[in-house]
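Per-chain numbering from 1; labels A, B, C and D assigned in written order.
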Amino acid sequence: MNKIRVTIWHEFFHEHTNDDVAAMYPDGMHECLAAALQADDLEIRTAWLMQDEDHGLSDDVLNSTDVMLWWGHALHDNVRDDIAEKVVQRVLNGMGFIALHSAHMAKPFCKLMGQPCKLRWRCANEKAIVWNVHPTHPITQGVPLHFELEREEMYGEVFQIPQPDDLLFITWFAGGNVFRGGCTFTRGLGKIFYFHPGHEDCPSFHNPNVIKVIANSIRWAAPGTLIDLEGNKSQKMLVGGDV
Amino acid sequence: MNKIRVTIWHEFFHEHTNDDVAAMYPDGMHECLAAALQADDLEIRTAWLMQDEDHGLSDDVLNSTDVMLWWGHALHDNVRDDIAEKVVQRVLNGMGFIALHSAHMAKPFCKLMGQPCKLRWRCANEKAIVWNVHPTHPITQGVPLHFELEREEMYGEVFQIPQPDDLLFITWFAGGNVFRGGCTFTRGLGKIFYFHPGHEDCPSFHNPNVIKVIANSIRWAAPGTLIDLEGNKSQKMLVGGDV
Amino acid sequence: MNKIRVTIWHEFFHEHTNDDVAAMYPDGMHECLAAALQADDLEIRTAWLMQDEDHGLSDDVLNSTDVMLWWGHALHDNVRDDIAEKVVQRVLNGMGFIALHSAHMAKPFCKLMGQPCKLRWRCANEKAIVWNVHPTHPITQGVPLHFELEREEMYGEVFQIPQPDDLLFITWFAGGNVFRGGCTFTRGLGKIFYFHPGHEDCPSFHNPNVIKVIANSIRWAAPGTLIDLEGNKSQKMLVGGDV
Amino acid sequence: MNKIRVTIWHEFFHEHTNDDVAAMYPDGMHECLAAALQADDLEIRTAWLMQDEDHGLSDDVLNSTDVMLWWGHALHDNVRDDIAEKVVQRVLNGMGFIALHSAHMAKPFCKLMGQPCKLRWRCANEKAIVWNVHPTHPITQGVPLHFELEREEMYGEVFQIPQPDDLLFITWFAGGNVFRGGCTFTRGLGKIFYFHPGHEDCPSFHNPNVIKVIANSIRWAAPGTLIDLEGNKSQKMLVGGDV
């Protein structure tokens, strides 16, 4: 079986400017995730904003990526529009896309959602409890019915997103908020998962339940096998026309 | 315009056995609701378990009800199966059905859902905050984006329901739980709304936001105008056949 | 009660270049629709691509529109990007949007959907039957369970759209195709309805059932009453932040 | 890896009373399906209405079934209520359920749906075309975007079902009808798929695309791994309570 080719894209900014973040993620969040997600069926690489002039996302990298993870926060605007658009096109052609934490406002995610995806937020690093409300979904298999994040940034309703295909997790925050923090979407042939844990100075990417969810989502989002109009296997966007 | 004919059905048990409940709802929850919901476009009556041998739900009452509210808790099993089945048939033929609080386990609701609708619960009468996650739905118009219940019974996930048509409210509980506490469903021609506030010894039916939600839901659940196969207006269940 | 302010936007091109279209819609499709939709609770105006340098969509017009109908086909690319973006922003802030026929590829619709919304098509002006698969939805009230279009352009699956909130109509085409031709979506505070009839040289906008569906959709898509964070009525996009 | 234990349940009546059916399915539809679905990861057995006093569905059989296929038509009423109820309970506890063709009116399916699932029908054995409208779903992988059934019983809208979780296939019938003929649902922990081909005197279970869809649906419907409240793997229904 072919391995799933995963690219973990990271803004990789706070690690350079905030000592707490650097201490939490000494090699960067992307490398922390890459190590935690390591598995026989995955071929993982990382890319980041300042890696090269294309943010590490050359056509070669994009075209050889089956599932992309995306973490961005402070520098969404620094992502080139043409690169964001290429990511969108790859998703429409079948690449899975896992939007982590503050990627709710990342250019590719908002373009795919058709709207900015604003929410309430509060930087109190308060206790959060993630509740699994869809225990039969592939992404929740082997994940407890609830698990705690000792501290996370509060992200809360109203979360301005289109109706998700499936709502998987609702998170409780100590300060009185709730959040539809795990949602799936489809755009074109691409499967999309948004998952809220992962503020830069919180240890969520060291949490085994968070990693389990992300690991499941990668397998779920991997491109399927489309039989095109000529009967051939394909992973390309369907083409309209006089057919 | 014809008025919407509303029947508020109540178990009407706790008011007789618990002084706190009797003090909170001296005429019974059903009469409290009837008074609070009074409006020019509604024709409201009440019915209750021990009203007569049919629980107040004769064929005449059922056939002249457009929207039924249902509150039951301790005595679900005392509802006759044939009456529960008649309620189900009326919903399939277009009667709206508003299941309040512990009606998640009422016979008509569970039959319509196709499963028992269990949940976590905790009688701590703790603080709850109801979050509106669907601000464009008719049931949430004029309702704040969040409002507080000073104390309510905790109902929490995993709420074992089929996927709702629309998720309108998620409630936060002080003890660490979340709950999809406002959900819509359709069965046959009947529109169904489940809403969680209303524990017998809590003042939720005196809360104007709770009343506003229920009032909106009555208008939303009122039967529509179906054009049947012969071109006539109808509110009867569609009939299969060789057509 | 305030009237719903409707703007019918039309490309208004084929009427000038094709005699059949001009004969079918002598004053243009927009005026045909405006006349057919006339009602006491609606305040209808029209706008078109070449009306002025803003395509008839000045800020004043946009800001005083509650529901916009959009018909475009051959000249999608001639719509200025900044005007398309203003329409998108108005939808996110609550303006209803009814995308008619070939507006499935219009700039505002595709931006809101997050993807180009391609489909199969065939210009055979073949017989079509529109099947109502959601008889309880406000948009289908008073509409027969099926009705015929004597001839329409075939639009068929796979229709590349995000999962609709609700699927209302599926159309059968004589040539062997099916189409999810009536779908609702929500983006921000805006309600969106796509409806497929209305090819320029077909008489669909003279069909009373088509008009009934569009008329219903206008009432359905009209903005609601949002209570904002300060307790005031509002129709503005929710604002994220530390709240 | 453990095999998926599949039980194909069949009414097995028409084969005894209709020569055409007997010729089409000499060993019965159940054995035709069992042979066609044979695979290394499946352990397949069959059961039928008159097999024994429990319709072949003893507690042992039920408790060792991961996914059940169900075909019934003329003798729905002959299925004992207590057996139908046991099947429902197994689904709620995680058993997958694939309802084939006329099983839309089978006792277990209707109980799970919460309503009788009537539809239009016409025994004309007309040409049908199955359109795949959800090309990213696991059940549609490797299935063409459309395929033909040379003749099938017409099943058409309005199909009286609850909103499906996902709509996968829409079928076109030569006589002018459309049908949401491939739909998924969840009840309790059980995944459910309804698929319309398979009239007794039509060759649909000899069609490789039909078999491919059913084969995919078995893998999709197989029970997952639930982590229960004590952290143990479980496939039992969640239990409500003071937790």
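Throughout what follows, contacts are C-beta pairs under 8 Å (C-beta built on N, C-alpha and C of every residue); 3 or more make two chains touch, one makes a residue touch a chain.
Remember, predicted model here, so these are calculated numbers, not experimental data.
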item	value
Chain whose mean Cα position lies farthest from subunit B	A
Relative orientation of copies subunit B and subunit C, as a Cα rotation angle in degrees, nearest 5	180
Subunit A and subunit D, separation of their C-alpha mean positions in angstrom	34
Distance from subunit C to subunit A - Cα centre to Cα centre, in angstrom	33
Set of subunit B residues in contact with two or more other chains	135, 145, 158, 165, 186, 238
Complex contacts: residues of subunit C adjacent to subunit A	92, 111-116, 118-123, 158, 160, 162-163, 165, 185-188, 237-243
Residue ranges of subunit C touching subunit D (in the complex, touch as defined)	129, 131-133, 135, 145-146, 156-159, 167, 170-173, 176-178, 180
Subunit B residues touching subunit C - in the complex, by the definition given at the top	135-136, 138, 140-145, 165-166, 186, 189-191, 224-229, 231, 233, 238
